[in-house]
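By written order: A, B, C and D. Residues from 1 in each chain.
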Amino acid sequence: MIKVGIIGATGYTGNELVRILANHPEAEITAITSRTNAGRKLEEVYGNFTGWNGPVFSGSDSPDAVAGCDVVFLALPHGVALELVPPLLEKGQKVIDLGADFRFRDAATYQTWYKLTHTQGELTKTAAYGLPEIYRKEIRQAMLIGNPGCYPTSVILPVYPLLKEGWVDPDRIIIDSKSGVSGAGRKAEAAYNYPELFGNFKAYGLAGHRHTPEIEQELSHGAGRAVKVSFTPHLLPVARGILSTIHLSLTKSVTTQEVEEILARYYQGEPFIKVLKEPQLPELKWAVGTNCCQIGVRVDKRTNQMIVVSVIDNMVKGASGQAVQNMNLICDLPETMGLQQQWPVYP
Amino acid sequence: MIKVGIIGATGYTGNELVRILANHPEAEITAITSRTNAGRKLEEVYGNFTGWNGPVFSGSDSPDAVAGCDVVFLALPHGVALELVPPLLEKGQKVIDLGADFRFRDAATYQTWYKLTHTQGELTKTAAYGLPEIYRKEIRQAMLIGNPGCYPTSVILPVYPLLKEGWVDPDRIIIDSKSGVSGAGRKAEAAYNYPELFGNFKAYGLAGHRHTPEIEQELSHGAGRAVKVSFTPHLLPVARGILSTIHLSLTKSVTTQEVEEILARYYQGEPFIKVLKEPQLPELKWAVGTNCCQIGVRVDKRTNQMIVVSVIDNMVKGASGQAVQNMNLICDLPETMGLQQQWPVYP
Amino acid sequence: MIKVGIIGATGYTGNELVRILANHPEAEITAITSRTNAGRKLEEVYGNFTGWNGPVFSGSDSPDAVAGCDVVFLALPHGVALELVPPLLEKGQKVIDLGADFRFRDAATYQTWYKLTHTQGELTKTAAYGLPEIYRKEIRQAMLIGNPGCYPTSVILPVYPLLKEGWVDPDRIIIDSKSGVSGAGRKAEAAYNYPELFGNFKAYGLAGHRHTPEIEQELSHGAGRAVKVSFTPHLLPVARGILSTIHLSLTKSVTTQEVEEILARYYQGEPFIKVLKEPQLPELKWAVGTNCCQIGVRVDKRTNQMIVVSVIDNMVKGASGQAVQNMNLICDLPETMGLQQQWPVYP
Amino acid sequence: MIKVGIIGATGYTGNELVRILANHPEAEITAITSRTNAGRKLEEVYGNFTGWNGPVFSGSDSPDAVAGCDVVFLALPHGVALELVPPLLEKGQKVIDLGADFRFRDAATYQTWYKLTHTQGELTKTAAYGLPEIYRKEIRQAMLIGNPGCYPTSVILPVYPLLKEGWVDPDRIIIDSKSGVSGAGRKAEAAYNYPELFGNFKAYGLAGHRHTPEIEQELSHGAGRAVKVSFTPHLLPVARGILSTIHLSLTKSVTTQEVEEILARYYQGEPFIKVLKEPQLPELKWAVGTNCCQIGVRVDKRTNQMIVVSVIDNMVKGASGQAVQNMNLICDLPETMGLQQQWPVYP
């Protein structure tokens, strides 16, 4: 039984780690931390966990709170993990960071986009980018995982193979993403007050969202050259899920079926990637609550464009589910363990 | 042109007053106040008001801010109006208070339920309870209006005539109300964060909601004797609207049609009350955006119960629309002026 | 491995049976039927099942289609099971009927409320009412289960013990229930068109909903005498979940805590019943996606009323999850098998 | 008083015409038609119109049904207006067609995309494209208006001036639009059943939506050369509103402020166009219920892209409101008459 600690368990991704790990047959949550809920039971604070018999909240987000854990998940504001990770690694604990601190190969990129000083420039080079479908080998050997952002997961998975294949123009990638509001975290702000967003929809973070460099880093890796993307996120009036519509320019004449095949072949055997066939296209709710990414494509001969649609659950494949998938890999467990709910609660 | 001031114009009911009065042919908003937005234009703070050319926010919730206004609306937290009203009245300004401070004939009731000291016990006796369909005469003559609460409006309108008629047992009134989230105000609390309430529904304030004594005060007036009610509100995952389901015990054998008729007769000529006929029953959205109250009833011979369903928009007939209706009355304007949108934006 | 057949697998409850059983370690779905989708794969018709490798749809809702199955679930319109069940039982197959045909001890009640002739009056007496928390013993021995209705499940579970205890007046039970729209089934009707219900809410089926006699049958059993209830359902603008607010008159002076205790004691050891303690009250989403029923109560000394709030997922504990729970019982499997997701996908 | 007839008044756009015209000071609805509701009152069929005292439904969608009307609105399935319009024009009635039959200058385009034979090739050349902000002069003189599609309205208004100015590349226009479900009409299809779309989101009509050629026709007009666009619509889980995110490639170095200014100048004095200034960006609900179009832009120097965001209410500016605006123009009334609700019901 693997002992697991979660530092920052009161946020949505922290809660989601508990939900998933509570049913994991080889993991046991032995520590959860929350600076605001010290000593309280999770079910007292969040009634959706009624009946869960795990540990009470430890009040300190410190390495001591997770002493004895084999794996430590960090679900913290950006920047906080920078100081926490070194002492954890020193004790031989494996660390999966759900924030952005260890996602970048180049600490300078992080500094530019996150406006924070990156104090662990060497360490970040040793971290694996936790997207198993692309970096499975690196992940298995890593002690530190930079768990991918939600939007980047939804974009990299479908576009990476197409760039690798050379079928689309790396200079003309337009990403139009739409996310449920849980992506913003457990916010106490009037702008996220229920009536404000009910029946509403909006774009935000234009020309500057911090997931942009993460997408570019990985797509550049796939393309074998520097890639810049135009990334525009939107806020959907739902709790969960990301749907990304990715507009690509074709570099050669291919059909929808050929693209479906190249993607299906690239992801053959992958338990969490589902490439749909025309006439189906992914719908948001087909992924919600699962660790799956569904992908659909359409080639438009008339305009020489390809439109790619992908969906994930931002809290699962886009955060905590992927983190557990990474845990399974670094702990030599079956990759799908604890993530077996392939088919969503629907409708 | 009547000069209008709104003290507390950043909340939902304050905003709603602006929305309604902006199209009122005989009213001109000359002052709006907000302690947090001094000097800013309304449209800068709230993009839904883009193009509105009213005054900028005055930064003080004080009588000075509304000097020169003929009518002053107060959209403030409970308790604040107690001190503000006397100086306004002294200057001859008419006051419509959207809070609870002047809704009770008996200041002691207010003190018990609101846990606040009522410093204006004499003044509150002179205030009219601003439900025009019942107190039109008193309102016309008043300088101070205690504008009714949203839930009470939805309950008193359908039940008052039935108690007056003596058809239902005043000792067995069960009120099960459901409100959109805007009723809670512009909240910056995690409990009102969009994802928390999305797809959710809950009861709250059981056995202690502060609209209970207001309902009881008015139903007692209708019944001609003291009435106690069991009132249970719920939070609907929508922005606007209240639907109240009121469970009554019959004291005599009547049909659904007879009840419809008694209500239709009582409210004959009322522009904002619509009594539906079987098989129709009110739906929440049929009232949203309008100042109307729709009412439907069903008699259940099998159990000797009557079920009454009423809907209003909590922000319009339940707050700011009714306040404007009251303004029309105290200013001798046609009662429906500025409130002519009888049919909602639908679907 | 138990072989399972689902007759009527295109509706919501049929789909939900597949979703749950797909992860059941001891059950294998060997037949699904649909008159409209013969020969098609489930995933082709419903993209949320992408990747599911079960049987294709058989085009006939007949016993032949489920030949060889140990357990047969019927998810059909009311009345259809009456003819299907006898031949299935003759072949020694166990039958769990999710419709109303075998829920009533007295076929006459069914005929009165469902306006259908009940041709299996003797058989219905042998059927167990599939509410395990109350009829576990009978269920274990039955070949035929009448799986409870969704609303009745949400009402009987909290009220049955209170009536048994004699703490509430059986003549004054007011049930105000609210259900997500999936309860109406996969409807192709304009009244269920998305825009009609979006932001909307309404009561329906007043004084005549067909779940009334089912509730009365079971509460009468609990009370040891005939009970009539006033039952008013509403349509919530969400996909899933039922919250029932039940208004009861106290027959003796008890506290909220005493009621919580009596319920907790009655349901001690029950894996799917969760009695909350003040100040918590159940929220709809705390049950969605799980087979749990959460219950909360409040005593109102002032009015001598008790208000009970219960939540379930209408598709799980209110239909397909409870059906699987029943399957586990009649097949001598652990009762919670396949139903282990105790904590919902939240938010 | 202008006499108005609405052929096809049971659909959403027909209903919306009634809602708007019911408050129009110079128009009187004298005829509404519906093949399915002959002889019934509108309020009987649609409870949201309770209290409206207009004519009952005429059961025939024929010219006779609107005899005596000065202006006739057609809210019918595509293709039906082709035969109806000539006899109406012959009687001297002005016609505003909300369908696609008379939106195209070139009937061949219509035939290609709508798969219908266009029998009125000459007549369509005389029709004005009813986008007043661009074709006001033509509209004033026309007897027949092809009222624009909803998506095209949301796209043409912001992009037309930018193409005219030559600031963006006409060969790289990517339109990613999101619409509320009312855009699909009053559907009785399982795919539009409330639970299917609740919490859901999807793209549809990729590489083939019929609003594409309409957008191209008008943008080509603005650019002074043939323009092809890539248009991808999505279905938002809300009732109303369209938000279009338009991705453009800059042809010269400009700033966000310069683009805002060029748009503001182009639409100076337009009552229904609101160009927002950074940092504001339009939100869907800021337009819902109004006839306004809000526009915001951001220039991304890093990628040399411009992102334009526009919002309209698909039922108002995208259909019935614009139709009334056109009616005002062809009847020499103030253009904003009956459309004065500039600020939406919010939140």
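Heads up, the rule we're going with is that a residue touches a chain if its C-beta (ideal position, glycine included) is under 8 Å from a C-beta of that chain, and two chains touch if they have at least 3 such contacts.
Given the structure is predicted, the values throughout are model-derived calculations rather than measurements.
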In the chain contact graph, what is the shortest path length, in steps, from chain B to chain C?
1
Of all the other chains, whose mean CA position lies farthest from chain B?
A
Which chain pair is joined by more contacting C-beta pairs, B-D or C-D?
B-D
Separation of the C-alpha centres, chain B versus chain D, in whole Å, is 36
I'd like the Å distance between the centres of chain A and chain D, where a centre is the mean of that chain's Cα atoms.
39
Compute the distance, rounded to whole Å, between the mean C-alpha positions of chain C and chain D.
45
Do you know which chain C residues sit against two or more other chains?
12, 182, 193, 195-196, 198-199, 237-240, 282-283, 285, 288, 347
Using the touch definition up top, name the residues of chain B that touch chain A in the complex.
12, 180-182, 186-190, 192-199, 237-240
Touch list for chain D against partner chain A, complex
172, 174, 176, 178, 193, 195-196, 198-204, 206-207, 228-230, 232, 234, 236-241, 243, 245, 247, 281-285, 288, 298-303, 305, 307, 309, 347
Note: in the complex, chain B contacts chain D through residues 12, 15, 18-19, 22-23, 44, 46-52, 182, 198-199, 239-240, 274, 276, 280, 282-283, 285-286, 288-289, 292, 294, 340-347
